[in-house]
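First subunit A sits with subunit B, and in the next complex the same chain sits with subunit C.
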Partner chain A sequence: MKKSILLYRRLLIANWNALIEYRGDFITQIISSLVFSLNHIIIVLLLTSKVPSVYGWSRGELILLASTYNVFIGIFHTFISRNLDQIADDIYFGKLDYVLLKPIDSQLATVIWKINYISLIRVLFGLTLTVYLMGTLHIIITVPMIVVYFFVIITGVYMLYSFWLPFITLMIFNPRLSNIVIFLFNITNVARYPKEMYARLPLYIFVPLLPLALILTTPTKVLLQKFTFELGFLFFAVCIVLGLFARFIWKLSLRHYTSASS
Partner chain B sequence: MLATKRAVEFSLPGMRYFRIFLLHFQDVFQNRGRSFIYFLMALLNPALQLLFWSGAIASNAGIESYWSFSDMASYYLLLTIATSFLVVHIEQDVAFLDIKEGRLSKFLLHPFPYFISKFMEELPWRIIQGLFGLGAFMLFIIITRISISFISNPLQIIVALVICLLALGISYTLKMILGLLALWTTDFWGILSIEEVIFLIFGGFVMPLTYYPELLEKVSYFLPIAYIVYFPVIAVQGKLTINEMYQVVIVQLIWVGVLYGLYRLIWHRGIRKYTGVGQ
Partner chain C sequence: MHTYLQIIKGTIEEYTTYRVSFILWRVRLVVQLLVVYFMWWAILAGHQELFGYTQGAMLTYVLFSSFVRPFVMGTRTQEVGELIRSGNLSNYLVRPMRFLGFCASRDIADKLLNVIFAVSEIIVLYVLLRPQLFIQTSAVVILLSFVALVMGMVLFFYFSLLISYLGFWTPDVWAPRFLSFVFAEFFTGALFPLDILSAPLYLVSQSLPFYYFIYFPLKVYLGQLSSMAMLQGFLIGIVWTAGLWALERIAWSRGLRAYTAEGK
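Here is the complex of A and B:
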């Protein structure tokens, strides 16, 4: 355990040094991160400029959902997405062997190497906006609320990782699908809207989208004090099933990995 | 005899570009799985917005006074087709493959302009993704049996086609300019992300620009982005009169001219900064 912590500490330092190596890039990345943070907020403001409420969510609540999206996606992009992007590249170029030969669990090795500190700006932006919106919605922030909120967010990050991984392993079978990561970035947009929006869809569309529909609606409902036992049960059940499924698919796919671009 | 015929064919003006196009078409067709994924990306956002509006119209009386649900459905479905056909993604190729990795050298040695070579490379992607978009559109109409209004007057159809072709011209030239900016920058991702957000907001991808607050609507009409997807879509929908369509064509022609001039300027200045080992 101590060895793992030391290793991760070194990775944290190495990633920080890589980030500040080029100052010009550092500033550009900060600007682009802020632009992306504002992006969905502007979209929600535009969409709700003519409608006071949608699917039982008021304008303020929808903006709160958008700010929670920034917190969530900031954490996901900081610790997870770049690593999965790298794994896709490794599969495409037949370099996954280097990851698999390391003396750690192969699935864990898919997510620990790259840390994108810049995305923490989105987390900060999202948290600041969330606190402000909670004030305008007259909701009192409590310690248990904060604990549950972050616990649900972190579980949601794991859920999204488990959603992405099986798609990325598709590349082991068809390495030409190297744009699948861009598609995953796009499909994550599903999470930006309330779960209730997808309930109108046919079951065969709704069920595959359910994890994405839950990952943001659940923490936002924690903040809005609308979190129910049923929602919590559904959230954690989906998380466990998806986590097991992702591990099963990963292990199964590795058996078909043949190094030189599969 | 055959060799002579081929030599004559190849020497015909435009024929060599057609052959370049065919070669790239083969490559893109071989990668149709990738094309399909790109198409799914073009489909996703309009589908989400449409779902959002269906709920908004259902739960807010009076909203339908702007546009009806069938108008909205046709807008977002046509948006998917237009995005697939007209929104070019050449900037990443230009920036990362050609400039950063130094593949531009190959194009500089070719006896064809870089601008046309890259267009022939991009066109097959647009055609295949556009066909996916058309397929999805037809499937949606068959499944939902929703009535969707289109232009039917032959003159309007011709002008709408001109609008679409000019939109492709604006889209391509603008993206080429963006790609060439990599000659001056070390990190291109910042430009890409800003471009993505600006396109999304000012291009009519979120909702019809007539729904926007007045100031934002005016700014959108001033920028070239609205002439890439928004105007072609509402022209095909029949939301523009023939005179308004002519006005759109004139503005598009101005934008094509301005952007092409800018492209030439950037190309001539930028190429001096290029080194064969990459930027």
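Here is the complex of A and C:
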């Protein structure tokens, strides 16, 4: 355990050093992150300037959803997305062997190497805005609420990871899917909007998008004190099913993996 | 000319070689369109008119922007930054063709494919979703909107090239390109018509080149601009095009002097 902690500490330092190596690039990335955080908030403000509610969500609630998106996606991009992008590259170039040979679980090995510190800016921005909005919506923040909120966010991050991983593993069967990560980034944008917006879609479109529709709506409803047993059950049921499915697909795919040297 | 035609043909073949990747690309664009479509559908539900647009007019704008966007903003010029950084630009400098012509040919191929598939996707979505679409019947307006489209296309081409030319002076072009993408998302009118912005912000957007990428051609098509506004738009657009062309020429000649093929 101590060894793992020391190893992860070294990874954290190595990632930080890589980030600050080019100072100009570091500053531009910070600015880009801030601008991107603001972009969606401004769009929501603009679009709801003359509409009191959209699908039962008031303006304040939609902005709270947008700020939760910043927290959520910030955590996802900090710890997960760059690693999955790297795995896609490793599969394409046949370098996944180096990951598989490590003395740790192969699925865990897909998410520990890269840490994108810049995305923490989005997390900070999102949290600051969330606290501010809770004040304007006159909702009292309690410790149990914070605990449940972060628990649901982290579970949502795991759900999104489990949604992404089967797509990434498709590259083992077809290494030419070079734009799969960009595809996933775009699809993830679906999560920005309330679940109710997608309920009108045909079932064959709504069901695959359900995890994305849930990952943000659920933690936001925790904050709005509208978290119901049914929503919680659906959320955790989808998370467990997706997690097991992702694990199964990953293990199945590895049996078909042929590296560049094989 | 034959050289550039071959480049167009080769670029199209490049896209269609990896068919699954190509399909994923199109699915991604359709999903993006559907998200924006349903967002506006939800916002306008229960309202006769909002921001000066009926639901039909807004959904027409959204659907047609999915045609205009890839036509104007579909580009391969983002690869130029990587070519400069890796030193592979040298391979193209020694070839018996103009590098600008090469980039333009690649872009034409990209836009051709985009247009063909965007039209098919819009037809399929129209059959599935049945929105109230506005179809322009005036030949003059259609011609003017085509001219505005071409102007937007040329403007974006030079704009994107300029961002890529930053590679002559900085090792990473990603961040400036990403920033420009974020501004473009907001100020091109891809997500919403720019006239829903407040008056000062709308005025600012009119003076930026992004205004002429998507919003201006669409407004011309929808026939929602007065003759004066149209003339003003075309004049400012031409000024921007000429300005960006001149900047591109200067950046290219200075960039070549700074270019050291470091990656090689």
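Criterion: the second predicted complex is superposed on the first by the 260 of 262 C-alpha atoms of A that agree within 3 Å, B and C clash if a C-alpha of one lies under 4 Å from a C-alpha of the other, contacts with A are read in each partner's own complex, and residues count from 1 in each chain.
Following the convention adopted for this analysis, contacts are C-beta pairs under 8 Å (C-beta built on N, C-alpha and C of every residue); 3 or more make two chains touch, one makes a residue touch a chain.
Everything numeric in this text was worked out from a predicted model, so none of it was measured.
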Fit or clash between subunit C and subunit B when superposed on subunit A: clash
First, second, both or neither for A:Lys3, with subunit B first and subunit C second: neither
Touching partner for A:Met197 - first (subunit B), second (subunit C), both, neither: both
First, second, both or neither for A:Pro52, with subunit B first and subunit C second: first
Interface residues of subunit A shared between complexes with subunit B and subunit C: 22, 24-25, 28-29, 31-32, 35-36, 39, 42-43, 46-47, 50-51, 54-55, 174, 176-180, 182-183, 186-187, 189-190, 193, 197-198, 200-201
Residues of subunit A defined as touching subunit B within the complex: 22, 24-25, 28-29, 31-32, 35-36, 38-39, 42-43, 46-47, 49-56, 174, 176-180, 182-183, 186-187, 189-190, 192-193, 196-198, 200-201
Subunit B residues touching subunit A - in the complex, by the definition given at the top: 31, 33-34, 37-38, 40-41, 44-45, 48-49, 51-52, 54-56, 59-60, 63, 66, 185-187, 189-194, 197, 200-201, 206-207, 211-213, 216
Contacting residues of subunit C [partner subunit A, same complex]: 18, 20-21, 24-25, 27-28, 31-32, 35, 38-39, 42-43, 47, 50-51, 170-172, 175-176, 178-179, 182-183, 185-186, 191-192, 196-197
Contacting residues of subunit A [partner subunit C, same complex]: 22, 24-25, 28-29, 31-32, 35-36, 39, 42-43, 46-48, 50-51, 54-55, 174, 176-180, 182-183, 186-187, 189-190, 193, 197-198, 200-201
